[in-house]
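Here come two complexes built around subunit A, the first alongside subunit B, the second alongside subunit C.
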Partner chain A sequence: MTFLSDSALDRLRAAADAPDLSGTRYQLIDKLGQGGMGGVYRVEDTVLHRKVALKIVSAFDSGSELADRLLHEARVIAQLEHPGIVPVHDVGTLPDGRVFYAMKLVQGQRLDHHVAGLETLAERLRVFGKICEAVSFAHARGVLHRDLKPQNIMVGPFGEVLVMDWGISKVLGKAEANSSGELAVVGTNHGTVLGTPGFMAPEQARGENVDHRADVFSLGALLHFMNSGTSKAIAAISSKAIAESPGDRYASVHDLSKDVANFLDGLPVSAYPESWMTRLGRWADKNKAWLLLVLAYLIMRTLFILWRAE
Partner chain B sequence: MNKVVLGLIVGGILGIFDGLTAWFTPAVRAQMVGIVVGSTFKGLIAGVIIGYFSRKVNSLALGILFGLVVGLILAYAVAAMPDPSGHHYYFEIMIPGGIVGMIVGYATQRYGTAPQLAR
Partner chain C sequence: MPNDTRIGGDKGAFPTTRWSLILASRSEQAEERHRALEVLIAAYWKPVYKYIRMRWNKENEEAKDLTQEFFARLLEKGFLDSFDPERAKLRTFLRVCVDRMVGNEEKAAHRLKRGGEMQVLSLDFASAEGELRQIDVAAPGDMDEFFAREWARNVFSAAIEQLRADCEAKGKQIHFRLLELYDIEEGGKDLTYEEVAKQFGLKPSDVTNYLAYARRELRRIVLEQLRQMTASEDEFRREARSLLGVELP
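Up next is the complex of A and B:
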């Protein structure tokens, strides 16, 4: 008996996993990546003559769980029309029975790669602010991402930030998938652990029910990653966001991003109490022109008084 | 706060303070009340003019420059009036007056609220 080598097996596996796009409007160009649910492919939309990305469930999905999850992700994203969330164009089933959805082809870098090229903390924090805007929007629509990490965030060539991979997102207030096609939760029953260690809230890691503060935790971990220990105030903000107990974290993503915005604007940060000297120094720094004018007036007046007194 | 009202308040307060400093000039101490009233009035007029300018022109640099010009012009008008001995106090009045105008210009541009557009 002859055994196949590992590389031969890999090639066979890749060939078996390659999607059959015959009969669809899409023409395969290349594979962009592989995730837990399936692969992402760069394809040409032959009707609109543009390149899009197709996310296709893995060929090795024995049951319907991954297909349901992919469909769920597509439906969640379709409900979240926001510049910071990649739009879905189409959803369907391939001739080989695999579920797919088409989305905007995002050109750019993953956050971890992009951040490495940013020189100042302010630039990094502005990117973080855009991530918060997208997540805050999703929360306002009752959607938790639950897997925020650098690998799931793309930064485009014009600085646009896109939050990707909503595959394990959770829709608050809806228990199960429904037949009407509305946004609904798939899988992730109580006790199921989905997420990424290091960016996943403790309650999520324990398989407990989570709320929006799980995303606050992940954003805090992202902020810690982006700060890389350069600012004490930002370190304090990320520490508050990644508190063990959800009650000790920021109450919302908006509160978290407000603290970061305050830091950028030179305003007090709720997570970082300052001495009155520091506060005074920051106030003086912010009101330099005002102080200089008042000082100039007082000096002028004093000089005239001394001149007259002689 | 409305830019004109803020200009009025800042100009008035600085005008009072500016007038009170005349106490350190013994030669004019006897005319303190008139000086303080006149200085306050000058501050109020400067505040209204500079505040109105701030409503029309949204620029910190131009606001401060305009404040300086208005402060100098009004201070000149006051300094042109001699004391009973016929002495003029151009420097003592005009230089602080110009700085007061700059402070009002800064305050109205930086802290005043622009009028809301009608819907």
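Up next is the complex of A and C:
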């Protein structure tokens, strides 16, 4: 009997799970990763001569729950045309019965890896701002992500930020907004807990209905992760976003991102009342170059006046 | 194809009915029971031998005796009666049985006593020993994982042999050769489909289609084996998920 080395065994295990792309326009290159729903593969689109990514569900049944979830994800993303959300090109079923969708091949790093290489807090917060823009855009179209975490966010080589993995997103019914402004969830499996501990809002972990403030919570946890305890103001913003009760959190992603932007601009931050001296110091720090120029001008002017007076 | 053991029969020896292996191993009819157990032994003897060598640090000869002893007991009626598929995988059950047997010094003494009466199986221990020398077992911290990996190696080795024979019978040698090139041989993955197509006188799309066929057949054979080696639908699905990462309909 053929002896299989460890590496050959690993290759064969992967090969037996490899998607059947026969008769399709795609040619398999390699596997990029494996998630709970299925695998992501790098393939060549032989018609357009470009590389794309195929997300393929691991169930060999186009009617399975996983397949439904993948289709749901593809349809949700297709509705969200935004630079911060990866575009879907195609969707279908492979000859082996597995459902797939094709999307842009994102070249870049996961947020957790990318953040490690950023030196300043300002750089990190600018990335956070872009994540908020994409999520806020989705909320405006009635879509909750519900699984925001560093592993689901990619940062490209030119600093572009892409929010990925919309597999457990929820589409909210805009027409069903109640008097309190909360949106009722349409077509959910109420009671099913999906998400990632640590980044998941408590009400989501309890399997309750959630609204956009569940994503505010996850973004607060992301902000905490990106802050690494270096700024008290950012820690306060993050704490407000991850408040136990949704009512104590920021009312929207926009409000959260506005507070972060205010911090970057040296303006008052709602979650962290600062003394005017502290704020002045932060403003001075941000406008250091301009201040030095004014100061230099004033000194020169004073010296000139004194010289003229003599 | 050279079989390294006479037990287990020909390549197509896996029963075709679901769960028939476990049911047949409990049959009142000795012949049916024996045949089912032979298939079981073919799938497990190497993992058991290697496990005894590595987990129990036994010398070659002693490990051979203990392996023979274990499977001789398996051939005795009633050995698998205590197996409850609701509580454990068959693989886990067998490993625990090996541990119990080897760990029991009294049983070892008994083994020496009964020696002559024991049915001796024809197992190619030299090949198993040769394989052990090729495996990185410097520090197999988790022996359960080691046993599972050796079992997976055996399942895939047998599947590859069956696939080779099937492809030969159907005149699809190139299909098998492409699988060998890409998925078994080192460095095959570095070749582009265009390069391979030129080498075999095919179109690049043929390479996609032929490889897809061979991989699909490999998956089918492996799943067929898993069906035989598991005792419930749930165990089958769990094994398929852990071995291939697939969710079955």
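Just so it is clear, the second predicted complex is superposed on the first by the 243 of 310 C-alpha atoms of A that agree within 3 Å, B and C clash if a C-alpha of one lies under 4 Å from a C-alpha of the other, contacts with A are read in each partner's own complex, and residues count from 1 in each chain.
We adopt the following convention: a residue touches a chain if its C-beta (ideal position, glycine included) is under 8 Å from a C-beta of that chain, and two chains touch if they have at least 3 such contacts.
Model, not experiment: these values are computed from the prediction.
In the superposed pair of complexes, A:120 makes contact with neither subunit B nor subunit C.
The partner of subunit A that touches more of its residues, comparing subunit B with subunit C, is C. Using the contact criterion defined above for the overlaid structures, shared-chain residue A:245 touches neither subunit B nor subunit C, since it reaches no partner. In the superposition on chain A, A:304 makes contact with subunit B only, while subunit C stays out of contact range.
When the two complexes are overlaid on their common chain A, residue A:275 makes contact with neither subunit B nor subunit C.
Applying the stated contact rule after C-alpha superposition, one finds that A:293 touches subunit B and leaves subunit C untouched. Residue ranges of subunit C in contact with subunit A, taken from their complex: 1-4, 127, 130-131, 134-136, 149, 152-153, 156-158, 160-161, 179, 182-186, 189, 193, 204-205, 208-209, 212-213, 215-216, 218-219, 222, 243-249. Against subunit B, the residues of subunit A that register as touching in their complex are 289-290, 293-294, 296-297, 300-301, 304-305, 308-309.
Across the complex, subunit B meets subunit A through its residues 21, 24-26, 60, 64, 91-92, 95-96, 99-100, 102-103, 106-107, 110.
Contact residues of subunit A toward subunit C in the complex are 1-9, 11-18, 20-23, 27-28, 30, 34, 39, 46, 57-61, 63-64, 66, 95-97.
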